[in-house]
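The following pair of complexes shares a single chain, subunit A, combined with subunit B in the former and subunit C in the latter.
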Partner chain A sequence: MKRDNGTNGTERNKRKKSGFPFVSFRSVCSVISLQWAAGTVTAILALLPVALLGLWSIARGWYWPALLPREWSARAWGYVFAPESGIASALAMSAGIALAVTVLSLAVALPAARALALHEFSGKRLLLFALLLPVIAPPLASAMGVHALYLRYGLADTMAGVILVHLIPAAPYATLMLAGSFARFDTDYEAQARTLGASPLAVWRSVTLPAIAPGLAVAASFAFLISWSQYLTTVFIGGGRIVTLPLVLVAFQRGGDEAITAALSLVFLAPTLVVFATVARFLRQQH
Partner chain B sequence: MTSVRLERISAHYGAARVLDDITLAIETGELMALVGPSGCGKTTILKILAGLLTPSEGEVFFEDRLVTNVSAERRGAAMVFQKPLLFPYLSVGENVAFGLHMRKVARDETRRRVREALEWVHLAGYESRRPSQLSGGQEQRVTLARALVTQPKLLLLDEPFSALDESLRAGMRLLVRELQQRLGITTVFVTHDQMEAAAIADRIALVFDGRLEQCAAPRDFYTAPATLRAARFFGWTAISANRGTIAFRPESVLMDKASGVDSSDESFDVAVVSFLDLGTRLLLRVRFDTGEELELELDPSQTDDRRALSPGARIRLRVPHSAQRRFP
Partner chain C sequence: MHPRLRLTLMLAPAAAVIGGLFAGGLGLALVQSLGYFPPTGERSFTPAHYARLLSDGEFAASLALTFALASVATLISASAGLLAALALRELARRRPVFHTLLQMPLALPHLAMAVAVINVIAPSGLIARLAFAAGLIGEPADFPALVSDRYGIGILVAYVLKETPFIAVMTLAVLLRIGDEYEQCARTLGASAWQRLRYVTLPLVAPATVSAALVVFAFIFGAFEVPYLLGRPYPAMLSVIAQRRYMSTDLAERPEAVALAVVIAAVTGVLVWAYARLARAFAGGERPVLF
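Let's look at the complex of A and B:
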């Protein structure tokens, strides 16, 4: 909400400065109030469910027709943070897997995206189609086959297997996003840097990386969040031994404990918000 | 501050041969212009000199050192591209300092040399500006400073002013020439503009279809072009005659007034197609008996009778022997 205030404020200043003589003060006001209304509605739609989750997580018995819970309790939060609940270890597992998936996705995506964006080679269209396949095809369709394959190679029920299966949707997403960054990148900058004495590593660090940094940040956060929100593939390949946060969340939801489910949902949501806030801030600095 | 030699260089892009057996020597402190129509391979030569491209055949020497397989960053040939290519996230000062940072030059010395290089290009005090705050001409001057500050063995310029207005270009040419001579840097300058090449260079290498057509002083291209193609590229006109082709400069033609006729002068009976009196010169379009049409320039002193030049009129033109070149 606060951020909305800020952008509207600067927007208004800009309008004042540009000072179109033919635009009446009233019409400017109506445009601004429309923006305000749209901003407010969006904020409410986005934040209301989160606020409700917050209420659920600290309510003890919240039944119709009560508008607000009658009694409050910190039980759910206490349980979430208690070591014996195993939620902390699921959180660590989720974060570890997501980080590994992010790093590996980028390791695959950086050279692949560069090749796709900057070079012509035979079979390029086929490769693009193959990259889009995991995005088009539902994960359930391939999970069975992947599981059979992983069983054969001893990857089923292992963390490595889960990381690998998360890479199936994450790496193509990261590649496609980075390909956009590379397509806008003029490689003559690299040639220029080399004739000024920059080694290949220095070229990468001081020319290429800064140029694609915004795309890299977005690709990394997407890879992280794709892995973070995987449920089906984790269940299939992890076989219940690799317990991530979504698995715990679903278990509590099935068990019907609203307070703990709500608290877990908020924990589950937290990195998403953190990642997006960081990326948004980073992108704004770039411009 | 190095002499440079290309020996029997050939280069291919895929199956296409873009350079064919180029041998070229550039002397220490010389400014050599590479000229030719676009796509003739002159930029490829520059990339081979820079170390950005390895030739498929032939060798590159700096002084007497073989550098064919020395990578661009170790070669010490700084290049200025057609686009400014200033790193947008660095300030002007940081851009100029880029090559010095790569060479791990101490901070104080870097600052001093950056200041000096910006003075060379008349941008003193611009260190903290952003590239986005500069005009096109200023950007290209920063790029020049960024290349010169590293004290390169060889300065390579790839059509560096072709994106600028004509009025800016003349000034930039002068600046490059002045700095190149003051610093004594061996320089190769690529352009498709023969006038620009003639204005700036000690010698011109003319390239056609990946082959070296002629390498000579600018004046020679206006007085003694080696081939018909070279002559045409430098603005000669040509007419087919009974024994091959006669090329001449369009401004060297005289009206035949029967006086002072040298027997070896070539005379033509032509029909005037159109005529413009520009005051200081007369612009003529004439048709030869062979059917060829040419545009010529005459000195107004050649004739007092303007009616003799009205369209349809037949006149006799003479090309002095000294101003013609015959090609088979």
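Let's look at the complex of A and C:
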């Protein structure tokens, strides 16, 4: 395939007239250097935040005006994983809540996504819009409203209450994501398997599940991450009793301990990087 | 099973989350903001809390700041993201590693980005230290306040760094999908490089870029963590004030906090509606997600 190198008719004519054969070569150079400049900036912006957080987490007494730390220390990392700091239990709480949210989100999303992708019904557009709303709009108002109800029925300050509130953005997201997978799924394969005598469970296990597995994995990971990164909803509903990782992170940032804040930030972003590394390829293929 | 009943059962759990938790919560918030708040003995329906917001100087300053910051951050991110997508188009096609690098900031949670930005632009941060090393400033106090500053520069920096890659990724996805056949065709017909960009490429990517920008605006308008860490108490962004009043020991402030949250929900709701209309215009499978 011919690449765009800026040589259109007029330029060729100009080149002939001026007798300078390198005009187009130079314009090619400028295009190439522009994209490499953009590529370099992209690489720096992608890697710098994580690299800096890493540096901060192992620096000791990195005071003004030192450009680089003079001494290193594993203090912050030791503290993060020490049982007495309570960070490990916040980590377990975050993971526990996020896993529960993931399972419940998939339970909500699997049937709904199939219905949305493969069936026509009235109000479908409205439902799609209603699913999109909590994905993009912040769950501030709905969390406050739900909180009022929780106070009455004893769900405030409980893990179950927090899980339910995290479902507000997570389940609709998983549903929309899976609807995309089901939209590309041909139900005739299921019909064939049934004709050959497969039980509903066998059809699901050996036909439907393999077909939607990549989308299911992405939907599950993002449901996990949406819950994992919730801050305000956890503060409202957890009432200080349910302490997750982002709450600890913000507390240390406000407290001014840069090394521990940096180490906590890295622990906090680790799952998103893992998910990203696994699904980035898949998402690219989908596009 | 009757197909209609089957369909209802399939949609029931999702309807419970949307109708029960989301819409129910929103409805209860609306009721509270309209003055039905038994903990303080309020049981009447009145627009008083909204009226008080309107006459509240802090609300006016916060609304102006929130709107300005969301607009400026969205404009910068959209322009930079569009340019980045156009500049990286060939490179991303030939070397997928650059596509991956462009996507990477999307995986960085906003909280982590806020922490990194503070460490870089604070008065004793990395940039101030570089300025000191270059002999530009003598002490941290000489460095301009970029964190907790009057204009929310720190908030702006964090959002631009987070949202530019988001818009670039959404735009690049369309650029890679459409290939260059349209541009080649325009070229054959004698269109100049500028004409190809203006009349072929931009119209093709505009729905993706603009809808991504709408998502970004809606997200910044209601987001909390970044302004909480990088902003100052006054004027603060809307969600920060809503949180402060909601968590206040004075329960009487709570209905006003809920009214604020309802205002945020209404504004972002309209933006999501605009996004949904626009997103239908192009058959992209991209789903926005921001942490």
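Basically, the second predicted complex is superposed on the first by the 233 of 287 C-alpha atoms of A that agree within 3 Å, B and C clash if a C-alpha of one lies under 4 Å from a C-alpha of the other, contacts with A are read in each partner's own complex, and residues count from 1 in each chain.
Here, a contact is a pair of C-beta atoms (placed from the backbone, for glycine too) under 8 Å apart; a residue touches a chain by one contact, two chains touch by 3 or more.
What you are looking at is a predicted structure, and each value in this text was computed from that prediction instead of being measured.
A.B. asks: After superposition on the shared chain, which partner residues are touched by A:162: those of subunit B (first), subunit C (second), both, or neither?
C.D. replies: The answer is neither, since A:162 touches no partner chain.
A.B. asks: If you tally the residues of subunit A touched by each partner, is the higher count for subunit B or for subunit C?
C.D. replies: If we count touched residues of subunit A for both partners, the winner is C.
A.B. asks: Could you look at A:210 and tell me whether it touches subunit B, subunit C, both or neither (first, second, both, neither)?
C.D. replies: Once the two structures are laid over each other on A, A:210 reaches subunit B alone.
A.B. asks: With both complexes superposed on chain A, which partner does A:202 reach: first (subunit B), second (subunit C), both or neither?
C.D. replies: first
A.B. asks: If you stack the two complexes on chain A, which partner ends up touching A:192: first (subunit B), second (subunit C), both, or neither?
C.D. replies: first
A.B. asks: Which partner does A:236 reach: the first (subunit B), the second (subunit C), both, or neither?
C.D. replies: A:236: touches subunit C, not subunit B.
A.B. asks: Just which bits of subunit A does subunit B share with subunit C as contact spots?
C.D. replies: none
A.B. asks: Provide the residue numbers of subunit B that touch subunit A in the complex, in ascending order.
C.D. replies: Within the complex, subunit B touches subunit A at residues 47, 50-52, 71-79, 81, 83, 85, 87, 89, 98-99, 102-103, 146-147, 150, 156.
A.B. asks: What part of subunit A is in contact with subunit B in the complex they form?
C.D. replies: Contacts found on subunit A: 186, 188-189, 191-200, 202, 206-207, 210.
A.B. asks: In the complex, go through subunit C and note every residue touching subunit A.
C.D. replies: Against subunit A, subunit C makes touches at 7, 9-11, 13-18, 21-32, 83-84, 87-91, 95-96, 98-116, 118-120, 124, 126, 128-130, 132-133, 139-140, 161, 165, 173, 176-177, 180, 183-184, 187, 190, 192-193, 215, 218-219, 222-225, 228-229, 239, 242-243, 246-247, 257-258, 261-262, 264-265, 268-269, 271-273, 275-276, 285-291.
A.B. asks: Under the touch definition given earlier, write down the residues of subunit A that touch subunit C in their complex.
C.D. replies: 1-4, 6, 8-10, 31, 34-39, 41-43, 45-50, 52-53, 56, 63-67, 107-109, 111-112, 114-115, 119, 121, 127-146, 148-149, 164-165, 167-168, 171-173, 175-177, 180, 222, 225-226, 229, 231-232, 235-236, 246, 249-250, 253-254, 258, 261-262, 265-266, 268-269, 272-273, 275-276, 280, 283-284, 286-287
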